[in-house]
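Each of the next two complexes has chain A plus one more chain, namely chain B in the first and chain C in the second.
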Partner chain A sequence: MRRRFKLCGALILLAGFQSLILLAGFFAPYTSTAQDRRFPFAPPTRVHFFDAKGKFHARPFVYGLKNDPVDFGAYGIDFTRVYPIRFLAAGAPYKIAGIFPAHIHLLGVEEPGQLFLLGSDGYGRDQLSRFLYGGQLSLLAGLIAAALSVSLGIMLGGVAGFYGGWLDNALMRGAELFLALPWLYLLFAVRAALPLHINQSQVFLLLVAVMGLVGWARPARLIRGVVLSAKERTFVLAARGFGASDRYLLFRHILPQTSGVVLTQIALLIPQFVLAEVTLTFLGLGVGEPLASWGSLLSSLQQYSVLSSYWWMFLPALLLVPLFLGYYIAADALQERFKSVSL
Partner chain B sequence: MAKVFEWVRAASFLLLILGSPACLPAAPAGTGEELMVTENPPGRAGGRIVVGLRSEPKTLNPVLAADDTSRDVIRCMTSDLIHISRETLKTEPALAKSWIASRDGRQYTLHLRHGLRFSDGQPLNADDVLFSFRLYLDEKMHSSQRDLLVIGGKPVEVQKVDDFTVRFDLARPYAAAERIFDGLAILPRHLLEETYRSGNFAHAWTLAAPPNQFAGLGPFRLREYVPGQRVVLEKNPYYWKKDRAGNRLPYLDEIVFLFVPSADAQVVRFEAGDTDILSRFSAEDFAVLEREQAARGYHLYDLGAGFEYNFLFFNLNDLASKGHPEITRKQSWFQDARFRQAVSAAIDRESIIRLVYHGRATPLWGNVTPGNKLWIDNSLPHPAQSLDRARQLLQSAGFSLKSGETLVDARGTPVEFSILTNSSNAQRSKMATLIQDDLSKLGMNVHLVSLEFRAMVDRLLNTYDYEAAVMGLVTGDADPTPEMNVWLSSGETHLWHPVQAKPATEWEAEIDRLMQQQMTTLDYAKRKRLYDRVQEIIAENVPVICLASPNILVGAKDRVGNFRPAILDPYVLWNIEQLYVR
Partner chain C sequence: MAMKYIRRRLVHAALLLIAISILSFALLQLAPGDYFDAMRMNPLISAKTINGLRTEYGLDRPLAVRYEHWLVSVLRGELGFSIAYNSPVGPLIWVRARNTLLLTCGATALAWLLAIPVGTWSAKKRGTLADRACGVAMSTFLTIPDLLLYLCLLLLAVRTGWFTAGGMISPGASSLGFWSKAKDVALHLLLPCVGLALTITPMLVRHIRSALIDVLESPFIRAARAHGISGTRVVFRYAWPVAANPLISLLGFSIGTMLSASVLVEVILSWPGLGPLLVEAIFARDVYVVIGVVMLSSVFLVAGNLFADLLLLAIDPRIRVE
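Up next is the complex of A and B:
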């Protein structure tokens, strides 16, 4: 019972997080590239219910920002300007899931007020909006790469385990080679070999392809192990005795037994590949400005001045913690569940 | 700044113009040494300071050194004949106590100080000077200084008049002739002639060479080199300057150059007190360090605009023989001056200053920075960002908006190009990001590509495989002449279209003429008029879209005495012999 609760909890957390990101356009107050050059590195905007006189307002509001005339880059609060937060406000146009045009945002304040709930970056772009839009790119990269590497893993691991012999040997030695491959350098090499100006979607595909192609080895080895033991199970032997074909045996009896491993691997690989995207973009190999991804959000922290001056630049990293935790709890719960089933 | 003067007038000229009594040639001392007296407040002898270097010097050989860090170290170990004072930006006597220029500006006679010694105790005479110039002028050495010594297509001729007098003959009158001596280290013939003769000079004075193989005329000499960690220099007991009180300089016993590889690490080490002096850091780091200033006992200085100018430019090379059909197609936009003017008009320079430099920079509309007060053309217009003007210019050049958001040319091709920057320079990448956003408002689709610096330079100067780039240059001197290789159409750093056989456009031909003319004109006012015209042509035709000139930012611990930073490189160590520990 507790186990099921754990899995459900993790899945609800993930579904919530994922839908926030899928509907980034709605939840983000701004677009990911809108620059407000008046306010680079503005701290998170405080939302108020009580005004300066202590009067309560049912509708929350924010105060305007003003540049500190003496201390460059510091901001004061302009108490004379009050911007009530508007719900379901019209704003910059966006597309839901890249298809349906819309322009309603969950939250918004009237221009020239600013709503930087996670602060702004060095170009005056809203960090929350960039986090949500960036998630679309990073999560998609993680999902596609995980799907790619797991399907490769099922295919190659299944074949290797089922047929054994020289095929098994060749595939598994190949997998070891891939495990030993310094994939970061591989990616550097691939990027250097490509022409200078490749567009952002090509960069994205390249990232996903390299991560997926390099990542198949580990799931393949696990699946091979499961297949090896599964093909000796009595009911499989019985089916074989009745004259079932290899194809039938593989798809009907053996591969279904790997579903536990596959699901667990997917839950483990997605956060791993999301992190890989973050790392690669951090090192300048990912998508470039002005597109947002979680990696590009964190890459500004490479500079000592940003690291030591603007604490809100860490917030995107903190927000990733519950997401990764969700995936790992799900992986854990899945593993336990399938372990008990197979016993 | 008159360059022609006769012998009789020479002395008074030096007194008047070279100005600061800091530089008066000293009367011969008792030992026959003609030491120079400096005007700085006398300091305390002893102690050492630690300075961070961005990378290990590649060599300590002044003839071969081409990188900044090598030169920073070499500068402390060597001296030149005539020096540019970093304080006044004018020439002052150094190893040469005085000089005379002939009336036609083609002959310079330099008189050396008597009784000077190298740091190994051996005396200096005219033969060392001749030997040094032979090295710089030797084509096989590929010395980067050689270009400066080739005037009017011919190398400078050097002749010995007597043991302490040397004559230089120039093929053509040369306005900035005295200034070419700055930074040309005089080398010891007694140590190096043998190696030079045997053809091994390229391997002489590497970092691995033992300290006793070195000798120079600078305030310091090599003590030790620890690979990967530091270079330590010690006081040169034979140095040729003394202070007002008669103390021989330098004051410091030792100077330690620590290798601190990244810009951030340099800042952290300085903040932690590991290094005493910091230069070449960003405005963001300035803001970080400023907070701790009082508590940690150091002081930061914003010296205002220096000589660095950053700009955007387009690939205008003739690519017929190079391939790159894609770029050739886009060049029909780049070659239209109206397109470049539109880009320039659309760029929000004020935002660059605020967002990239935290306000510690000056916006630029011309190629001369406000730090270069003698040569900037102050009459150039400073138009504010205007998208409307940009749109008008684009419209007049045949561009139009498709479906309200994409800019297309007359043939209907969408305007899309990439801007190259070097990944090591965060400021330039940030500028490019702002420009990208500005140009997107005109409907241009701009991509950013950042490359490692050498890969970028290779594309700019060799393969021409780029569309546009954001770069910066630092003028080496407060004079237009070192910029010749940038503005002459035949120049190797004529970035947008280097090494042209003959000028590709009329305005480039005019710049060529003006630059040649200013080089051989000796009257400052006339030269200024010529160079003003060059600046106007560049501002009109915008082959480079000038963006910003960052302020020179430096810092030093309070315990460093006589710290007087300057806006000309080297910003902080130019008076290293006068620095002391309080």
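Up next is the complex of A and C:
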């Protein structure tokens, strides 16, 4: 019972996080490129219920910022005017899932006021919006790469385990080769092989393809192991005895038994690939400005001045913790669950 | 018997390395463009000059010929020629490799020193509240992105000034005596080492805990306990030797994880190891340096696994009999 609760909890957390990111346009107050040039590196905007006179407002509000006349780059709070937070406010147009045009945002404030819930970056862009939009790119990269490497793993591992012989030998030697390479270095090497200045969508696709292709070895080995034991199961032998074709056996009887390993591997690989994307982009080898991705959000932290004076630039990285925790718990629960089923 | 096993493992490792070198060579040959691309943009440099340079550095020769040349230079310890640094790759890499090795060895030692007591304690207290709290703490730690961890360490160093971050020696340290120099390096090593160790400690703790629990629940441990042997002695003299096998393989495997993680640590905390060199070489399209770094890290990884296998052979008689 507790185990099921654990899996459910993790899945709910993941679904919530993922839908936030899928519907980034709605949840983000601004678009990912909207700039407010007056306020680079503005600290997170505080949401108030009580105004300066101590009067309670049922609708939360924010104060505006004003530039410090003496100290450039420091901000004071302009208490003269309150900007009530409007819910379901009309704002910049965006597209839901890239298809349906819309312009309603969950939160918004009136124009000269600004709502930087996680602060703003060096170009005066809202960090929260960039985090949500960046997630679309980074998570998509993780998902596609994981799907790619696991499907490669199923194909190669399944074939190797099912047919055995020289094919098995060759494939497993290949897998060993890929496992023996420190995989981040391999990723770097492949990235080195690509031109540095290609357009953003190409970089993204290549990055994903490379991560997916490099990661096939571990799932393939695990799936091969499952297939090896699965094909000796009595019902599989019986089906074979009745004259079932290889194809039928593989798809009907053997591959379904690998579902546990496959799901666990997917849950483990997604955060790994997301992190790989973040790392590469952080180092300047992934997608770049003005596109938002989690790596590019963090890359400004490479400057000491940003690192030491603007703590809110760390927030995007901190927000990744619940996401990874979700995947991690899901992988753990899946592993426990399928272990108890298969034994 | 043992000699045969060792020989087989060595041959296997060598073949693996050759395959990796061919793979990385082929990959980088597919690369469009080379070091001289930036020069092509310059109208003052004629195409003839660039072609001359390409011929001089041998970039226009076919892949097989270049590979052969590279193999020969590997045997001479040069590992090809870096165009960006205008020197053989070997001397460039050896220093960096030594630094990376220093870092990963230090971090490995630190990580195991941390993980063994925690894992053992957690296994002994299995099922209790303390064990569960430890498990939760470790899982949380596991999910903190490495990047965040290293950046926080850097922030700590910048803000407090307690640590010497950046570089490997203080300016002017070369004139010091051996011991003060060693102390200086150790101080610089501290932060990257801690960062790298913390990356893998949670994983080690989990493995140690589960390996020990498997053993602690077996009948011979219960028998030992029934004989009145103390809990600590049972864990260390009876359970640990049995649980050690998978953990030794893990030692070899953890070196690979370390190497991948060390790129990021080195770049963020400016430790002059292979990581920064690799990133620079990628930006400069300095093919042989990239290949050299990839090869060297593979050598470390393969050597780590080999070392773990040999260690297993040394302590587990069952493998010798097979």
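The rule is simple: the second predicted complex is superposed on the first by the 326 of 343 C-alpha atoms of A that agree within 3 Å, B and C clash if a C-alpha of one lies under 4 Å from a C-alpha of the other, contacts with A are read in each partner's own complex, and residues count from 1 in each chain.
Simple rule for what comes next: a contact is a pair of C-beta atoms (placed from the backbone, for glycine too) under 8 Å apart; a residue touches a chain by one contact, two chains touch by 3 or more.
Computed from a prediction, not measured in an experiment: that's the story for all the values here.
Asker: Give the label of whichever partner, chain B or chain C, reaches more residues of chain A.
Answerer: With both complexes superposed on chain A, more residues of chain A are touched by C.
Asker: After superposition on the shared chain, which partner residues are touched by A:Y123: those of chain B (first), chain C (second), both, or neither?
Answerer: first
Asker: Have a look at where A:Y328 lands relative to chain B and chain C in the superposition and call it first, second, both or neither.
Answerer: second
Asker: Looking at A:S308, would you say it contacts chain B, chain C, both, or neither? Reply first, second, both or neither.
Answerer: Both: A:S308 reaches chain B and chain C.
Asker: Can A:N199 be said to touch chain B (first), chain C (second), both, or neither?
Answerer: After superposing on A, A:N199 lies in contact with chain B but is clear of chain C.
Asker: By the touch definition at the top of the document, which applies to A:E176: first (chain B), second (chain C), both, or neither?
Answerer: It touches chain C, and chain B stays clear.
Asker: Common interface residues of chain A with chain B and chain C?
Answerer: The answer is residues 196, 284, 302, 304, 308 of chain A.
Asker: In the complex, go through chain A and note every residue touching chain C.
Answerer: Where chain A meets chain C, its residues are 176-177, 180-186, 188-196, 271, 275, 278-279, 282-285, 298, 301-302, 304, 307-308, 314, 317-318, 320-321, 324-325, 328-329, 332.
Asker: Show me the residue ranges of chain B that touch chain A in the complex, using the header's touch definition.
Answerer: Within the complex, chain B contacts chain A at residues 264, 267-268, 282, 284-285, 287-288, 348, 351, 354-355, 358-359, 418, 420, 423, 426, 429-430, 432-434, 436-437, 447-451, 459, 465-467.
Asker: Which stretch or stretches of chain A touch chain B in the complex?
Answerer: My answer: residues 33, 35, 37, 40, 72-73, 122-124, 196-197, 199-200, 284, 288-290, 302-306, 308-309.
Asker: Quick one: in the complex, what on chain C touches chain A?
Answerer: 16, 19-20, 23-24, 27-28, 30-33, 139-140, 142-148, 151-152, 154-155, 158-159, 256, 259-261, 263-264, 267-268, 278-279, 281-283, 285, 287, 290-291, 293-294, 297-298, 300-302, 305
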